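Please go over the structures that come below.
In the two complexes below, chain A is the common chain; its partner is chain B in one and chain C in the other.
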Partner chain A sequence: MASQIHANQILDCKGLACPMPIVKTKKAIQVLEAGHVLEVQATDKGSTADIQSWAKNTGHQYLGTVQEGDVLKHYLRKAGPHEAKEEARYPHTITAGELMNKLEKGERMTILDVREPAEYAFHRIPEAKSIPLGELEDRAGELDPAEEIYVVCRTGNRSDLACRQLAGKGYRNVKNVLAGMAGWTGPTESDE
Partner chain B sequence: MSTKKGLQAMTAKQLTQYVLNKQELFILDVRNESDFQDWKVEGESIRIVNIPYFDLLDGVDAAMEQLPADQDVLVVCAKEGSSKFVAEQLVEAGRETVSYLEGGMKAWSEHLEPVEVGRMKDGGVIYQFVRIGKGCLSYMIVSGGEAVVVDAVRMVDVFEDFARDKGVRIKHVLDTHLHADHISGGRKLAERTGAVYWLPEKDAGEVVYAYQKLEEGHDLTVGKTTIRIQPLHSPGHTSGSTSILVDDRYLLTGDILFIESIGRPDLAGMAEDWVGDLRHTLYARYKELSEELIVLPAHFGKITELGERGKVAARLGDLYRFNPGLNIQDEAEFRTTVTEHLPQQPNAYQEIRQTNMGLLTPDEEEQREMEIGPNRCAVHDK
Partner chain C sequence: MTTKNKRVAIIASNGGLETAYKVLNIATAAAALDAEVAIFFTFEGLSIIHKDSEQMLQLKPGNEGMAEGFKRANVPSVKELIELAKETGVRMIGCQMTIDVMGLEKEHFIDGIELGGAATFLDYAFDAEVTLNF
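So, the complex of A and B:
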């Protein structure tokens, strides 16, 4: 990987045989904050397929796995209850398809990706800028208010929060991309 | 029913006895769904249910509901840890006796069961080694204090120990062809026992080691009594594929002819070129041989191919009547059958071929990984 993937917590399962990596992962994710990313370090080769199946069955998001020597680093994002909740929505939206048309026309714009760095590292729209939602408060100044800003996350929920936050700071040209990366069928890139 | 109580270990050898004796057994396979779909323990008397261990972390109620009241219960996973973990909980939840598979599917894949296939005219014996979890068959022909091993799998200790028990010296080691579904133990066995290693020249391709050419017309003998081991060039699965005729009675067909199917020609990327060879071998070359020959293949595809005590064998004449692969009279239809809609190719078959040529030297753990799953060498395997 070209860059270090940021995780909120690292769980060491090196040298442990099945079922311990999953048993420990389950315990760790129970106390993790929703939306945070857990990095599970394991040496058991079977852990990759097992962690994917486990995440699918439990609703947590499996982001990907990076191998470094003998160590497998699995990245998981804890699903949160707010992701499914409907709140007062930011009114200015654009569909992923419309955004793709604009990109194809070569329009100048900023695509802001507010997901966790680990999610961004594995799968993102080319040239998207990464500022995780949690850092937006401090880093909003990196954005050019004159440019159209399209905010993207996984499903359109975190980006909705980000849009409202930016609007509160006086940014006018901000649109939420629906339905996030889940609706994006255009080109993507990763650090791999 | 087992009479022991509590948590019990079951070895791959004991599980083999359940399969061969058609003894009823309930298996709870706790691997993830995709590994289970790919490959599992099979047997006519075995009932198997898949619930991944990670779905049983909060309690085993879902599994308890499935357990039959009057059958032995075995929990199986990839290596052992998870099955022991689940089996312990089943005992805690009130199930009187629960076994786990010692060494898991890894041990199951590596277990070899020796079976006597028959006797020679001069008193020699031919043994078949059934690798029941993977479907590979190896052979040892023993006579007058000497032995020949054919299509040895990589667990070479089994052959060495067996020869020691029988008080025989392994003199020759043969591969009928360059295998694509499993790693050959032929070369290693020959090195460790001082035997001569034989391989068909046309399959040797880029091999990086020394070998003797297994050629038609070049008979081998074993023991003081003469048991002719006659190679017979029978291409089609590979271009070098060679059958071994032992004592004018047993025909070791390699991966050309199986009991319920025939070999596939595509594993070396040459399906189109080799179809004609395959057809000629099966419909002309073998046709000239005696119908009384006992066919001994290098694989079985389905558990139903296992006969008495696990033996995989059939009269050539019977195969000409019942094997679907020998009953496709139309040449175009034959071509379609063996080149289209073939089953998925064996796991890592390209790497396995390179390993068998000596171009790759994976360690033991990597070899295991490469061999995971069924053999899928036959046209009709699914």
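So, the complex of A and C:
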């Protein structure tokens, strides 16, 4: 992988056999802040499948796995208590399908991805610009107010917050992409 | 996050180190997956929660070679897995009837278990999507 994936916390499960990697993962994620990314380092070859099943059953988000030698690095993002349920409140939205049509027509636009860098690294819309929601306050100046800006996250919640933040800064041409990467069926790229 | 309640009901009716691992690995993994877990220990399965489990739980004849493998794979001990199960809220129920038949008392067993009959377990198991028998 070209770039380092940023994790908020690293959990060492190297040398541990099943079921210890998921048992320790559960413990670690309990004390992690919602939205933060956990890197689980394991040598158990079964852990790639297990971590994914674990995430599916606990509602947390599995981002992907990177192998370095014998060590598997699994990336997980802790879900918030109301995630994927909260109503989006920013009024100007566009569906992922409509955005894809615009992209195919070659319209000039900025796609702003406000997810964490680890999420962006594994799976993103080609050409999307990455500014994690937490950095948007400081980095909004990198965006051109004259250009159409389409804001995307995983499910449309963080991007809703981002749209409202940008609107507050005077950006007029901002639309929230629903339902985020979860609704995106077009081409994607990763750091690989 | 988790919306539905998952429930796993396990019957441990055999002895031996192999059984202890099958039961405790599934139980602790299920707890990690946010499931509610209860294990009903009966007949030889009671040796898993006996205070002398270390002496009582041996590998089956022909499986002795696995001892090396357990060490190599850094598999936790049965005692460690039991502690983990307790910590993560796994209910452990010892079968009162078998304990009586074997002439044992609650003091022979580790702390943190409950004693109960078939109905205690079944009352729990009726609502379980996953039932396993080892």
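Heads up, the rule we're going with is that the second predicted complex is superposed on the first by the 186 of 192 C-alpha atoms of A that agree within 3 Å, B and C clash if a C-alpha of one lies under 4 Å from a C-alpha of the other, contacts with A are read in each partner's own complex, and residues count from 1 in each chain.
The rule is short, and it goes like this: contacts are C-beta pairs under 8 Å (C-beta built on N, C-alpha and C of every residue); 3 or more make two chains touch, one makes a residue touch a chain.
Since we're looking at a predicted model, the values are computed, not measured.
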Have a look at chain B and chain C on chain A after the superposition and call it: clash or fit. clash
Just checking: does A:26 make contact with chain B only, chain C only, both, or neither of them? Give me first, second, both or neither. both
With both complexes overlaid on chain A, does A:79 touch chain B (first), chain C (second), both or neither? second
Thinking of the overlay built on chain A, is A:15 touched by chain B (first), by chain C (second), by both, or by neither? second
Which of chain B and chain C A:49 touches, first, second, both or neither: first
Is A:59 contacted by the first partner chain B, the second partner chain C, both or neither? second
For A:97, is the partner it touches chain B (first), chain C (second), both, or none of the two (neither)? neither
More residues of chain A are touched by which chain, chain B or chain C? C
Chain B versus chain C as contact partner of A:126, first or second or both or neither: neither
Quick one: is A:186 in contact with chain B, with chain C, with both, or with neither? Answer first, second, both or neither. neither
If I apply the document's touch criterion, which positions on chain A are contacted by chain B in one structure and by chain C in the other? 17-20, 22-23, 26, 50, 53-54, 57
Which residues of chain A touch chain B in their complex? 17-20, 22-23, 26, 45-46, 49-50, 52-54, 57
Contacts from chain A onto chain C in the complex sit at residues 15-20, 22-23, 25-26, 50, 53-54, 57-60, 79, 81, 83
Residues on chain B engaged by chain A in the complex (per definition of touch): 32-35, 52-55, 57, 77-79, 81-82, 85, 369
In the complex of these two chains, what residues of chain C are touching chain A? 1-3, 6, 25, 28-29, 31-35, 73-76, 84, 88
